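Below is one structure, written out as C-alpha cells, with a few remarks after it.
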C-alpha cells in the first residue's frame, strides 16, 4: 500500500494511513506530526479544537511504533489520529463539554470511548469544540467561541458536534468521535460534506460521556469515507458493563457491509413527512438524484408514511430538556468545576445559583428551565408524559415502515450551512435544523449521513440520511457505500476534495 | 415540656382526639458494595476513600444496579406479605443539597418493587392486655443514601450557626430500602406503644433475613414517625407532622406521645397544626420545628433513563419465598410457649430488645428464666444508665450464661453475681477470672463462717439473749454482721443455720 | 390548550429557583418570551390522541441489567478531591447551608 502520498498524509483516509503504518511505509509518529502541523496551520481560522494534546499524541504514536517494531500485529486503525468531541472524559486532559462551568476540569477517569480508542491503538490528537453541553445545531452556543465551516468560514459547521466535523473536513484528523442526541453527528456531517453515523442506541458505551439526554445520547464515528466510519464504528461499538443501557450483543459487521455496497433487491422507503416543503430546493434536488442512483443500482424505492413524525420535534424538545435539566443539576460548584460567589458569607444556595448563572450560556439555561417546567407537578402529564407517548408512536411508525422496507431515506438537514447569527434570534428556528434527524434518536434505531453533492444555489454540501432498524447498523454502511461508490465513480473523487483550500 | 396555654395531658388528648399514625423506615443494607457502583460500604473508613466517579456524581458517570440489593428488597417485601412488581423502574427525585452528589437521588416513585403488604404487631399495654394491630405496608422500595455533612464553625457542630460544611461521600450510594406504612388508624391511647412495637417487629423481620444490621443507634435502621390527630366524632383528617431524629425504640414511643400532647394542645386552643418536619430531642423528649413542609420541593420525578427496568422472574421470587426464615412472629409464639410465659412477660423481653440475647444465652446453657432475669433486670438497668443498647454492653451471652450457672450451683449469690458482671463489663476478663481476682466466691467452708459467727456473737450479747429468749427473728442482726464481716460472700441461709445450731435454738 | 399556554416572568423566576440559577430581571423577561414561544411549539404533543399508548422511557426493550455485589476499585481521595473547588481535611468544603442565627 505504498501508494499513499507521503507528502500529503493529511489527505489520506484512515484506512490508507493504517495500512501504510502497518506496512512500515510511514511511522505513526510521522502521521501524527503531520496532522499536528496541519492543525497549527488551519485551526486558528477554523477553531475546531479546544485542546490539542501535542505531547500525549506523540507519546501514543511512539508507543504504536514501538509495538510494531517489536513485531506485534495491531488492529486495523493502529496509529490513526482521532479528534475527540470535548464531551468525553479523558484522564488529565481538559474536558469542558463546551461549557465555562467545566473550564479547566481534568477528569480523573477515562470514558469507555477513550478505552476503546486506546485498545485500537488510535492516537487522540485533542478535544473538539461543540455547542455547550451538546445543546445546539451550529456550535454557536459553545462557551469558547464558534467553529467555522471549512467550506465557508462565514458559515456554521453544524452542531452540536461542529468541531469534530470541521476537524475532519479540514483534514486536521481523518477520524472524529462525536455524540448524537438529535442529529449532532449527522447534521454537521451533512453541512461539512463528511460522513457521520449515529449507531443504534446502546451500541456504543455512554460511560464517561457527559450526559445531555440519557435516553437519546449516542456516541458515533465522524469520517470522510464510509469505510473509515465503518472501521471506527467497529472499534467503538460493543458492550460496556459500566453502562446499564449498553447492548450485550456484538456489533453488526459494519466493515463487511461497507466493503459490499450492494443494494440490488433492497427495499428503500422515502419518508413522506421528511421531504418536500421546508427543505431547501438544492437539498431536495440532490436528494432526488441520490434516490435515482439507488434505483439505478437495483433498489426498489417506495414512499412510506410515518404520520407521527410531525410531532417528533415537539416531543424531542420536551424529553431532551427534561432529562437535561436533571443531568445538569450536578454542575453546582460543590465538587468540581466553576464556583462563583463563595466569599465566606454567602450560603450554599446563593453560591450554587451564582455559579450556574455565570457558568451556563443562554441556550442551556433555556432548556434547563423548559425541562424543569415540563417535569413540574401539574404539568408532567401534559408535557413530559405526553411526549413519552408520542415517542412510542414514532417508534411504532418506524416498526411499521421497516416491515415494508429495509432502510428509510430523507435529506439529513433541511438546509445547507447557514451563516453565523442567522438563526440565533429564534430558538425554534434553530431547532428546525434537526427536524429530519430527531425521529431516529427518539426511537433508538440507527442512521447515517453521507455526502451526496453540493447545492446548486450556494455550492454547499448536502447530506443524505439513511435510517435502519435497531441493531441493523450494517445496512447503513451497505447503502452508504453504494451511494458513495457511485458518486466517486461519477466525480472521480470524494466530495470533500472540492472543499476550498484553507 | 412546651405548653401552649391549656396544658392538656396525654390522657386528655387521647380522650378528645384519635391519632392516625404512619411510619417511614429506612433500612441500610449490609451489602458488600454500594447500590449503583462497586465501592465498599464499610463503616469508619477515612473520608472520601470509598468513592468512584458514579457515587461522587462526576460528569459522565453512570449507575449500575447491585443485584443483591434487589434480592434483599424482594425478601423484605415477601416477609412483609407484599406483592412483588412484575415490572418496575427506578425514578429520579430531583433536589439540590450538598450531600447529594448528583443533585438528584435515584429512588423509586410510582413503581415500587414491593407493595400492599402487612405486618401483624403484638402490642401489650400496662395491664397486660394485648392486641394484634395489623400495620398495612404501602410500599417497599430501593434508593441510595447521601454523603455525610460535618458542620464547621458553629458552637456545637450542628447546622445552625455553622460557617461552612465539609462533605464526605463514603456513605453516598449505600443501598437504602424504604418501608412506608399506610395510615394506621384506631390505635387510640396505645398509639405510642404501637409505634414502638411496630419498629421492633419490623426490625425483627429484617434482621431475620440477614440483609441488614438494623441498628437504630448506628443508623442502619432509621425511623420517621408521622402523626395527625382527628377530633373524635369528626370525619376530617388532621394535619400530619413528620418527626425525624428518632434514634431508639423508646424514642419512637416518646416522640409519638409528645406529638400527641403537643398537637392536642395546639388544636384545643383553636390553632392549626402546621404540616412540617419536626426533630425529636432526646434530652427533653419534645419535638422541635424543622423545615416547614408547605414549602415542599417539587421533586419532578421521572423514570431513571440510565437504569433498565427490573422484571423479577416469577421462579426467582418463589425461590426466595421458599428460602425465607421462620417469620419472627411465629418464632416468638413458639418460644413463648416453650418458656411458658405470659404475653406480658414475652412482650417485656421483646420491648427490651433482648430477645436474641436471651436466646443466645439459653443456647450457652442457661435456663430461660435466669437468662431473662439477668438481661431484663441488671443488664437493662446498666444499659439504660449508660445510654447504650443492650447488645453494645461489654458482656456477651456466653458470659451471662456462666454467671447464671455459678449462681445456680451456689458459687455465687445474687449480690456477688452483680459484682462479677460489673467486673466483666469493666474489662477484667471472663466471669471465673473476675471471681478469682476479686475474691468473690461464696464462702462454702463452714470454718470461716463459724469464726465470724463467734465474733459476732461475742460482740452482741444482748441480741443473743433475745434469740435464745424466744425471738429468733433477732438473728438477722447477727447474720447481717457476719455478712458484713465476710464482705457478702457468705451464704446467708447457711450462716443462720449455723448460728441456730450453735445457740441450740430451732428456727 | 396550546394556544393558552403562556409563561410569565414570575413563573420563570420560580423555574430558575427550582434550577438554582440567578437571573436578572431583564433575563426573566427575555426568557419568558422565548420559553413562551418554545412552549407553543412543543405543546402540540397534546394534539396526538395517545390515551391508550404506553409511555416510552427506554428505547431498547431490556430488563434486569445488574451487577454482582462485589467491591471494585474506585478513586483515591486525592483524585476525587483534585478537581474540588475547595477542600479541607480530605473533605469537600461547601458554603454554609443555613443562614446564620
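Lettered A, B and C in written order, each chain numbered from 1.
As a working rule, a contact is a pair of C-beta atoms (placed from the backbone, for glycine too) under 8 Å apart; a residue touches a chain by one contact, two chains touch by 3 or more.
Everything numeric in this text was worked out from a predicted model, so none of it was measured.
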Path length in the contact graph (chain A to chain B, fewest steps): 1
Greatest separation from chain A - chain, by CA centre: B
Two chains joined by the most C-beta pairs in contact, as defined above: A-C
Chain whose Cα centroid lies nearest the overall Cα centroid: C
Rounded Å distance between chain A and chain B, as computed from the means of their C-alpha atoms: 57
Chain A and chain C: spacing of chain centres that average the CA atoms, whole Å: 24
Centre distance in Å when chain B and chain C are each reduced to the mean of their C-alpha atoms: 39
Interface hub residues of chain B, defined as touching at least two other chains: 53, 56, 64-65, 96, 98, 163-165, 167, 298, 300, 302, 305, 307-308
Contacts with 2+ other chains: residues of chain A: 105, 107-109, 215, 241, 244-245, 325, 329, 332, 334-336, 348-349, 352, 372, 376
Numbers and ranges of chain C residues touching at least 2 other chains: 18, 20, 57-58, 62, 65, 67, 75, 80, 92, 94-98
Residues of chain C defined as touching chain A within the complex: 1, 7, 11-12, 15-23, 31, 34-35, 37-39, 41-48, 50, 53-60, 62, 65, 67, 75, 79-80, 82-86, 92, 94-99
Residues of chain A that touch chain B when the two form their complex: 88-89, 95, 97, 102, 105, 107-109, 111, 206-211, 213-215, 241-245, 322-323, 325-326, 329-332, 334-336, 344, 348-349, 352, 372, 375-377, 380, 384
Chain A-facing residues of chain B, complex: 53, 56-65, 92, 94, 96, 98, 101-104, 163-165, 167, 298, 300-302, 305-308
Sites on chain B touched by chain C in the complex: 31-33, 37-40, 46-53, 55-56, 64-70, 87, 89, 96, 98, 149-151, 153, 159-169, 298, 300, 302-303, 305, 307-313
In the complex, chain A residues that touch chain C: 105-109, 200-202, 215, 241, 244-245, 247, 308, 311, 313-315, 317-318, 325, 329, 332-339, 342, 346-354, 356-357, 360, 365-366, 368-370, 372-373, 376, 382-383, 385-393, 395, 426-428, 431, 442-444, 470
